[in-house]
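What follows is a set of structures to go through.
Shared chain: chain A. Partners: chain B in the first complex, chain C in the second.
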Partner chain A sequence: MSYYLKRLGQSVLVFFVTVTVTFALYRMLPFGPVEMMRANLISQLVQQGNPTPDQIEKVNQMVQAYTGINPDQPWYFAYYEYLYDIVVYQDFGVSITKREPVFQILFAAMPWSLFISIYGLALGTTVSLLLGAAMAYTEGSRFDAGMTVVSIINTTVPYYIVAILALIVFSFNLGWFPSGGRMTPGTTPGFNYPFIAGIVEHAALPILSSFIAGFGGALAFRGNCIREMGKGYIRLARLRGISQGRIAIRYVGRNALLPIYTSIMMGIASLFGSSIILETIFNYPAMGFVTFEALMDRDYPLIMGSFIFFTTLTLLGILVADLTYGIIDPRVKGGAERESY
Partner chain B sequence: MASRTQTDTDDFDTDADDFGGDLAEDVVLEVRNANVSFDMDRGESRVLRDVNLEVRRGEVLGVVGESGSGKSMLASAMLDAVVSPGQLDGEVIFHPEDGDPVDVVSLSDRELTELRWNEISFVIQAAQSAFNPTMTVGAHFEETLRAHGSDVEEGLANARELLEDLYLPAGQVLRSHPHELSGGQKQRALIALSLILEPSVLVMDEPTAALDLLMQRSIISLLADLKEKYDLTLVFVTHDLPLVADIADRLAVMYAFELAEVGPTDAIVEDPAHPYTRALLKAVPNVADREIDIAGIPGSSPDPVHVPEGCSYHPRCPLADEECRRDDPAFRSVGDDHEATCFHWEDAADEIPFDTEGHDE
Partner chain C sequence: MKATDDGGDGSPIDDIFTRTSEVPTLTRREKARRTFDRRVYAPMAVLVRDWRALVGGLIIAAFFLTGVVAWVSSSNWWFLDGVVLVATPTVMEGPIFAPPFQDSAYPLGTGVMGKSIFKQLVHAAPAMLQMIFAGAFLSVIAGTVIGTVAGYRGGTIDKTLMSFTDVVLTIPGIALVIVLAAIFEPRHPVVVGIILGIDNWPRLARTVRSEVLSIREEAFTEASRIMGLSQLTILRKDIISNLMPYISINFANGARTIIFESVALYFLGILSFTTLNWGVMMNEAYNGADLTNLGQLHWLFAPMLTIAIVSLGFILFAQGLDRIFNVRLRARHESTTADAEEQ
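For the complex of A and B:
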């Protein structure tokens, strides 16, 4: 048990360090939202004459009212207030450009990103595991050689190139799929065919691209399977009359999965990271898209909000991978739980 | 026990018609003209060459030879379990206690599954990686029982008894994962696993490899007990001649993918007829000797792609002459139930003498 607590504590610590460093860096960045706005306002004042300290104080107040940031405050004091609001009031602040609570914006965008990423990841993982296993079982065949080439090309070509190509071919040339948005205009949200079909149509290309982004595991799994198939316990299992299906799943598959399990779980995090680029390419208004816009607008509270979201997901992915590894590999159980004889 | 004593033919009797049960001695497993070959880029690699061997019901047969002499291939061939792409030719005839003999090599996959573990069981060489690391040891027993349609409850009770017979805490071992067991425990659990369906023949490929000397000895004595209790026939493949000599009734010595000498253990240890066996015994260190003087065999064993013409041992043999270089010697009787493949076996004792009287034992 102590292992789980320790591991959880580590994650919380890493989370706070990451958020703190990001907050500080962002605040120290020259020409952040505060400087931008303050410079604009002061230059207006300078044109009217020399600004009095009174006027400058007023400018500062305006900046603070508009951005929610007091430029005179040191960053750590601001950070304390920021955290205080989050912890006590669950308040992530208000977006500077959208004038809406950050939490509301992110909460509305989140399901769409989850939808695309989870389908992409599920498809990518399933297909790459099945393909890897199929290649291992047909090692040396033309299918194996052909799919190896395909997999190498797939991992070499970045997913955003694939996304742009998919957009050109399937949307602009063939017109099969829309080039942006997330639902067909004019449909009523709810459980009806036109609405759901619209959602699927809009999500198809982003899911295809994130499927390709999450697809790299086939070759690694192929190699692991081939290595497992040479092990003594596979030979013995065959001699003992264990069925091929059980050997494939319980012996080869299970053991071949161990080395890539963590990287699959961490793929969840990287997939959300890739959603920033994918959603921008497909003009798909969800988490990634919102984050990118906020970045361009220097919408400081919104960026911090989505940053916290991505950090949480990454840490959760790693944490879940670590905590569940003992379940899939009995050799990695917490020390006190099992005895060795 | 009548032995086969063809002195003139090149081979054992290859006529398949006579295996119908009129063999005087009670043979349980017969290997006939077994060849195993691998196709390689540089030629065909023959890792088992025309091996003829019989295993008698209730005996302990030790198969000895140096590394790469084809011992493991012979063991695998007995269950038609040669690892692909190896190709097994020949016959392996199993004589059930009651029922007609069957040729193991010509069985279908389904029939093979029936035969293995139920009749002939196998202890693979790599005991340390014989268990799936993600399954408990008990799960291996259960799935084996299920795969053969046996009653799981009854089988597990049987497994517990086997484990206790091997001085293992049965409950603990069944609940453990393989990594929680020591090397010796794994080896013993593996032996129990191979006996779960009460086979009549147990083929063991280096069952004491990677164990310390004390554990090797204790496994040997446990095997002797098990053999008595469960009425087993044991085929014990090893490179450790002194070890297997303790329990084996007969020994089969292999050299260069062929059998060199087969006979009763005492005869082979005390007065071997084949120059190779004599040299091999001389290479065994003797604790009783004040001076440790180990006589190695000059040269090295042949490559499976290029086995020498004639007798495969002639390049290393002090007795070799023109005949040895030209013709491959067939088995000839050199004593009671004792055969060797050497033209000059009668001179071997003089040419390669054992200096210490009562060597070993």
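For the complex of A and C:
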């Protein structure tokens, strides 16, 4: 129980730290976006002549309209309001370029990002664990050596280079897959074949690249499997006549997974981040792409909102993984439930 | 008999406290030789015998050399002004889209502006090196200091520092880096490197902490504490010197991460194009070349291949470093230690 509470508390803490960091970057820095905007507007006024207090008041109102932060407020009051708006009303301000609430823009784009990332992560993790296990069981064979080289090449070539190459080969040259968008125009959304086929077609290459980004851990899993297989209790299990499949999954697999479980969880953090790069390359209009456009337009409310969104998604992902950790390792429940000798 | 045992001249007890050992003092030259043997020769010998470390080391050395060549060629400083080994790339120095491996004037061909791709790759090296070293040093120093202090001091300091580390660990790194890059709009490669390295240290801090926790209980650390050595000396001599494998491997991995992230951010145009960078080259090629024409794609492939080779160098070197920091393995290659004669 204390383990789960601690994890939950930590996630809440990280969320507040993130919001604080965005607030600080946004408002507190001497040359942050809010100050810059205000300084720009005032310098425009100065060029036309001496600004009256009335005009300065107008500038402050404009800045507030754009950023949701009143430059005249003391920082602690502004911080409280910023936090209150986000937590209670999910109000991240209004996008400067799109003229829509940031939350609505991001919330509409989010499912598409999750679609790509989760498929990529699930495929990448499953395939790399299966490969690692297969490599451990055929240790020293040609398959083992070959797959080791493949794994090293995979860490050498960044996933976005794979994405660019896939786009050039399969989209620009062979024309098998579209080079942008997320659904075929002209199809009606719903449960019908053309629409679903269009979605799969558009998502195929991004998921492939996301798979490459989420791939990894095969070599670490191979090493752990080999170490576990040499241990006494495995030998004993064989002598007791337990089937090979059961030994492989329940004995070797489970114990070899424990040490790398945390690094797989951390993969979630890098995967959501990498969606900014992948979605931009594939012109896939989801959260990452929206963030990229906001960056190009210097749309600060949207940038900050999407940073908080990305962090929250990552936190939720890690939290789920953390809370399920007890299933594969019953020892973490700890405390009173630990068996006594 | 008893009376003489109790004291007086030549008693055995007196002897214990006055005797000095007969270790010959080394001359300065012998000392220098021994230091060279331990610090330079033995690691080099291990390095050369391990193919991964050798290949990785050679790639990194070549990369470094390229950076020096480019710096010397473009430098206006004193006597270096006249020295030009590889000229800076200029527009229309060759035909448009010259194929690679055809003309020695532009060995890797040219792009749409007729600039030599080879020269661009070479002249991107100094900025890349500055960025990599700034970022990797930042993450190594932050990770080591935070991990060591947390592990050695323990208590509240440990708890505070580790919670902080966990917080940074769970914030999505690339998103944070992109937001920082958008706000600060860094121009100098060193600043870019520092921003990119900002999320690389937590893993190292965690590893270092758990290592320090076991090292601080070791007999040699306890001996140093009893001898009354200062905390700083103990941290430096006993603890950090034992952490070198983790630190250097993190350095190599951090360098690779910084190459990956910087190229991605320059390629997408999130970082402004102030210096020549492989990502900038990829961006120009991706937007400037006809991607269905195989005769133009070498413009894009050249920087991609360079990135892959350099990061392969860092990965192999990191794996090889594992062996260099293995004390027993190194002792076998030393000629001045007692072990050397036994082998």
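Operating definition for what follows: the second predicted complex is superposed on the first by the 307 of 341 C-alpha atoms of A that agree within 3 Å, B and C clash if a C-alpha of one lies under 4 Å from a C-alpha of the other, contacts with A are read in each partner's own complex, and residues count from 1 in each chain.
As a convention for this text, a contact is a pair of C-beta atoms (placed from the backbone, for glycine too) under 8 Å apart; a residue touches a chain by one contact, two chains touch by 3 or more.
Please read all numbers here as calculations on a predicted model, not as lab measurements.
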First (chain B), second (chain C), both or neither touched by A:255: first
Which superposed partner A:150 touches (first chain B, second chain C, both, neither): neither
Chain B versus chain C, judged by how many residues of chain A each one touches: C
Touching partner for A:46 - first (chain B), second (chain C), both, neither: neither
Touching partner for A:236 - first (chain B), second (chain C), both, neither: first
First, second, both or neither for A:329, with chain B first and chain C second: first
Touched partner set for A:12, first chain B, second chain C, both or neither: neither
First, second, both or neither for A:246, with chain B first and chain C second: first
Touched partner set for A:197, first chain B, second chain C, both or neither: neither
Residues on chain A lying within both footprints (that of chain B and that of chain C): none
Chain C - residues contacting chain A, complex: 163, 166-167, 169-176, 178-180, 182-183, 260, 263-264, 267-270, 282, 286, 291-292, 297, 300, 304, 307-308, 311-312, 315
Parts of chain A lying in touch with chain C, wherever the complex brings them together: 10-11, 13-14, 17-18, 21-22, 25, 29, 32-33, 152, 155-158, 160-161, 164-165, 168, 172-173, 266, 269-270, 272-274, 276-277, 280-281, 291-292, 295-296, 298, 303-304, 306-307, 310-311, 314-315, 318
Chain B to chain A touching residues, read off their complex: 79, 81, 83, 113, 116-117, 122, 124-126, 128-136, 140, 143-144, 147-148, 169, 172-173, 176-177, 179-182, 185, 193
Footprint of chain B on chain A - complex, ascending: 231-233, 235-237, 239-243, 246, 250-251, 254-255, 258, 328-331, 338-341
